[in-house]
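Common to both upcoming complexes is subunit A, partnered first by subunit B, then by subunit C.
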Partner chain A sequence: MTIFSTIGDIVSSGVPIGCLYALVAVSFNILYRPTKVFNFAQGDMVMVGAMTAATLLGFKWAPWPIAVLLAMLLVGALCLVEEQIAVRPVLERAGNTWVITTLAVALIIDNVVGKIWGADPLIVPAPFALSTEPISVLGLQISPYQLALIVLTFVLVGAAEALYSTRTGKAIKAIAEHRDAALLRGIDPVFVNRCSFFVGGCFAALTGYLASPLIYASTAMASGLLLKGFAAAAVGGVGSSRGALAAGLVIGIAEATGAELLSGGYQQAVVLAVALALLLARPAGLFGQAQTRIV
Partner chain B sequence: MAELKKTPESASFKVQAPAFPTMIVAMLVLAILAAPLFSRSSFILYLATQAGIYMIVALGLNFITGYAGQISVGHGALVAIGAYALAIAETSGGLSFWSGAVIAMAAASGIGALMALPALRLSNWYFALITLFFAQVVSDLLGEMTWLTGGFTGIAGIPAPSLFGHALGDSEMYALIVGTVVIAGALLRNLIHSRLGRAMVAARDNPLAAAASGISLVRVKMIAFVISAMLAGLAGALFAAQKTVISTDDFGVDFSIFFLLIIVVGGEGRLLGPIVGTLIFFLVPELLGALETWRVLVYGVALLALMLFAPHGVVGAIEDRWRRRPRVGRPSQGVSLVRADGASLEVGGLKKGFGGVIALDSVNLDIPAGSVHGLVGPNGSGKTTLLNMISGFYPIDAGSVRLGHVDLAGRWAHQVARLGVGRTFQTPKLLGQMSVLDNVLLGGYPGERANLIDVALRLPRGRREAARLRDIAMHLLDFVGLADRAGDRAGALPHGQQRLAEIARTLLSRPRLLLLDEPAAGLSMRELDTLGALIRAISALGTTILIVEHHLELIADVCQSVTVLNRGRILFVGTPAEAFAHPEVVEVYLGRASGARV
Partner chain C sequence: MHQRGRRSEVVPGRQGLSRRTFVASALMAEFALMTRIARGQDSQPLRVGMVRPLTGRFASSYAPLFVAARIAIDEINSAGGILGRKIEIVDEDDDGSPAKEPGVMKKLLDEGVGVVLGPVGTSQALSALPVATNAKMIVGSGSFGYEAQDGAKYPYHFQFIFNNFVQAAATVEYIVDRRRIKKVGIIQETTGWGQGYGLGIVDELKKRGLSPVAFETFALSATDLKPHVRNVQRSGADAFVLGTSLPPTSALLFDAIRSVEYFPPLMVGASGLMGDVLLDILPPDVLANVYAAYLRAFTYTDAEPPGARQLAYVKKILKYPESKGQEPNSAVSPFYDFLYVLKHVVEEQKSFDPDKIKAGFEQVHDFPGMFGSLSITPENHCAVPPNALAFIKLSSARDPRAMGCFRERVES
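Let's turn to the complex of A and B:
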């Protein structure tokens, strides 16, 4: 019985949190697909989304959908500013300069947001007044909100997959493969990059809002979500939405297992070890394709 | 070597590259480093000691990040591992500082290597994120594993290093650290100017050129990382010995970011960058103290602004202003180009598909050793794909590729290169920031035998080999007609000359088979003539040559036989004259209504 209840605890805490990591990974992928830039400030974008939504909800003058929409627009705009200042000027430079510039943006946002909101976490109620109290479902202790989050994650990942298999989605991928050729076919890479940053920012803010009822909205959430979202994206295969979902769940379960069997302080170590082992076995990730066109 | 021009001067050939008055700078640095010894203030000595320790970390970080292009955001964690390893070895293990320092270096590089191995096989940015993750995990574990690290109280009573029973005092400790900085700097400088340094820059700026030159990217990056991590571990040991008490407070997450900022300020990929960067940080104390609560914000803004406006930092800005064209001598006469051992190439039933599109279907080639073979066909017929499969850049779906008796299928590009397959690219892949001579020297990588110790300590074996290789490289540049541009930046050469330099690079490894991908594209009429003569001269040295080319006159001029590809299949094999007279070949080239002229 105990072993089953342990496994049950791991699943019921690991799967919902794994869904959050999958969503962060999808938001990474949205930016990555056309630009091949992996935004180091993405964890902060998620955090700013969560904090903004929490603050707007706290004022109680707008229903939650409006507050969430405003937070998404704000973070989308913030991503656009980042693209303008820190990404486009260095995109063509050799040596992945963008690693350092987006890292710098992360440091700046982290510090400024810390000054505005302070370190105290904000409590955010779940939408539709869903309960975050666990109930027993098929022997698992899981809350209605967690169930809803799992379903929504599958819907969002499915939508992302569907979008990227359309003509527009393929055009976005074409830019990553060959910017000049895409330009010749009437696709404007700069415009597509901007759109992707905006949409990626909106998605990050939504993820932040969805995460808040489970892990509170706080400035501390940025680095954890950055690293575990990265682990999910890399293990799943960068650019692949279904890979992000599968790997997000793997990472979430690994983390819950670490917390259950060892202690909270070992969670991140377990996640890193699992991610490194999987990357050693499959460098391109679970659903990634080895790069074919080189020369 | 009848084709080779005889060089008039016999003066022994030497590259002098005083891009900056090195002696003056070295004396200046030594003077600055020695100054605190004469200061009366123990606080200044303390700060200077700390600065020296940071310089050791920054020198190592610049090695992996500035030169090998792998951005580490986790060097602070490696320092922490070194510091705790020393503290535990000394306080619990009762070992001396010196044994403890060796353990610290082993711990930092060993644990670091475990973390880095998966990352180094992937794109550069994975490494940055994994090191950031690593820094976070190390910080977690230091707090969690209290039985080992003492948690927040830390480890106290770390004894100072002692020499022959005499415990080192403050100024002796400082002298030890300055000595370490100077020695580490000198060793790194030697490595940077060696085959390893060239390979690191190639891995950073042009991985394809590196692989084509026989360089294993993972191996080179790993060597660079381990050296860098050893320095971080050593700095950690010195850090612990200087402070005598260490705790988790000493190693916050922004500790790693701080080192990254030091090298960006000083100049990434510049020898003196880490030294200058650290000095700036300690001479501008506001950045460290007064703005405490805004420190991370200042770091962020500074990183962003520097990357945008001064990507090579302070040292880069000064050096670029001072840069003079290095003088390069003529090759000495004692050396002549050695014949290559040409090998036959047999390709059988080769297939390649890209997601449903068949790029190559049952392609066969049979090229005898020492011959020159042309591969022609319209755009998209699969010529470059075939070259990429022979040279190991694309995996083979089905079929065989044999070089002499050696099976090439399933090998990595750098392994194929090491077996004797040289190649050039449609657009020349040179390292634009390096000199033309250094670019050619890159091609010598697989043949060099000097090990890390030989080059780091400049032992005679390594120096002799390097001098001999430079001599051959100069001969090769003379051979392709670029001897007087040897000292120029490769990026500054016109297109046609870049192509010739790339060919010279492949020749340094004496390839058994040379693959040329559209060598004539974009050449002027005069350069075309030179190219034709050059190909014949290379062939006379024994190398087997396969040329992909649209310029049919060149093919007719130099090739004994040609293969015509069309839509991934072989259309015709024969002599150039037969091929270009064949009606089907004419048709695919000129279309059905063949009113056009060749």
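Let's turn to the complex of A and C:
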């Protein structure tokens, strides 16, 4: 075993998984930017998206794009319901009680899915009949689907960043900057919040579907993706999609390095130690900007 | 007068209550009392708690384990109950959460429940047992952890399941003694079950003067097991012990084995490898080298079909919709044999006193259970010995002879 083969193994394991963490982090950010709410049910939204898509694909009556679209619409609607009953009422009264209410939504979803789906994971074939069998690319053992996932992640992150250059994106940024001032300029924060929750839900479902060919769709997938997606969002700089991508890759590679070189259950500690070190060095995250407030 | 007086004293006495009348009345009263007690017992069913997740993520996956309990209860009640008392189920939802177990056990205690089936899961059972032990509740849990077999620590708990130490002992015996393989690599999950299983494998290897050539550990939240599998591959292990208990992690492990193309001559695991979806991940020729520990009573070979008693039991299991897709979990549930041993012990002791039941359980020797010959000692409360296990071909799950619950046994 040479050092180059070890590095190659770490990269081929860490980068695709890191891309999944980045996508979860981006879905966090889509909701967070206008609302300043961290949706603790986001891991469950990813899971519901994955399980719904897998179930619809299992029926074999719809091609995969239709199945994925339906899963995205369902989870988008679920997020919209969450916004209506668990987020907006508490935001109107101010305070940070959304921590509890979004956590409550996560627990409710967790309870309900146990009645619908069992513990068995569901196999989801990769789209476009891409293979998940590894092939040798520049000395790396990586599958065509993993390569496609990496490319798609960059595209989706680019699209999320580009969204903020549009009129709607600027409205979101304005609300993030100062809610009341944005309202005075004719921007409806309630409508923008709703749209963000819907789009964030759709994005979470898409992430769940994209993760399924690699880690299988299962009701157990929510917790792992929530934790590492949250870490990627925080390390990257909350609200920054580019930061989420960079941090997701760092976390994926740190995790693969821990598993490759340490074993003995230390790989989780490696991930958290890297996240801690980065946040100590840059408290606002890799791409975050320190905010000043005049008092 | 005195005599008359004495006579007059005696006469009423003789007229009112002669010795014969007294004895007859006493016998009748005794009979009436016994009848009343018997009627009272008939009308007072034996309340048995069922602790299980009725809500939450584990609800549908744990439900199949309780099918066997319902079959046993139906059979026992149809045959007159236990000492004339019918069994009545008291359901309690623990949400599969260890934190809720002490409260659930206290609630059952308040409801007058003295016998409990469940909870399922090692950490869940270990959280429930201190409360149950203090209250002298007779518990048959669904814990696969070796800790729960300790008769000194949990004197009122009895384990009718092949725990992780039993599986580890049978696994090493198969790999080293029967297959003559000495280079053993292990991967284990960081659950209570996984850590006990890995520890048991290492202990059993040590007894044979061996140590594992690779020992990998992963957290349940891991999303990629390829680095771990590669480490075992690099160690040159000829036998790979797969310490996963949950289908999602088993699927990730199989996927990693396929991706890094590590196909050692032998891969052996526990009952966590028996999910149907796993059969589609590995190529058939690789799957042919993957075996799992399973109850010998539920295995068959070309020469030896399953036993008639097990066949009848499996036919009942298959009638329950909860067992669909989870047939092996329903079949090897610990509750069927636990309930029959409870009936045997209570009827032998003629008492529902927990101390007498405990003493009776500890005297069980070679009880002809559904799982095979069951024995309990005061020190070891696990009724299933390593020799009750056999190794089965995972690929036999889709053999029509398997009927969902049986598996083909490997003889060498």
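Note that the second predicted complex is superposed on the first by the 285 of 295 C-alpha atoms of A that agree within 3 Å, B and C clash if a C-alpha of one lies under 4 Å from a C-alpha of the other, contacts with A are read in each partner's own complex, and residues count from 1 in each chain.
Criterion: contacts are C-beta pairs under 8 Å (C-beta built on N, C-alpha and C of every residue); 3 or more make two chains touch, one makes a residue touch a chain.
Source: prediction; values computed, not measured.
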Subunit B versus subunit C as contact partner of A:N111, first or second or both or neither: both
Which superposed partner A:P89 touches (first subunit B, second subunit C, both, neither): first
Touched partner set for A:P121, first subunit B, second subunit C, both or neither: second
Touched partner set for A:L280, first subunit B, second subunit C, both or neither: first
First (subunit B), second (subunit C), both or neither touched by A:I10: second
Subunit B versus subunit C as contact partner of A:S223, first or second or both or neither: both
Contacts of A:Q268 with subunit B and subunit C, given as first, second, both or neither: both
First (subunit B), second (subunit C), both or neither touched by A:L20: second
Partner chain(s) touched by A:A256 [first = subunit B, second = subunit C, both, neither]: second
Doubly contacted residues of subunit A, that is, touched by subunit B and again by subunit C: 110-111, 223, 227, 263, 265, 267-268
Residues on subunit C engaged by subunit A in the complex (per definition of touch): 53, 55-61, 95, 190, 215-228, 230-231, 234, 246-249, 251-252, 255, 258-260, 275-277, 280-281, 325-326
Residue ranges of subunit B in contact with subunit A within the complex: 69, 71, 73, 114-115, 117-119, 121-126, 128-130, 132-134, 136-137, 140-141, 143-144, 204-205, 208, 253, 257, 260, 264, 294, 296-297, 299-304, 307-308, 311, 354, 384, 388, 393-394, 425-426, 517
Contacting residues of subunit A [partner subunit C, same complex]: 1, 9-10, 13, 17, 20, 110-111, 113-123, 132-134, 141, 143, 214-216, 218-221, 223-225, 227-228, 255-256, 259-260, 263-265, 267-268
Contact footprint of subunit B on subunit A as seen in their complex: 38, 40, 85-86, 89-90, 93-97, 99-101, 103-108, 110-112, 223, 226-227, 230-231, 234, 263, 265-269, 272, 275-277, 279-280, 283, 292-295
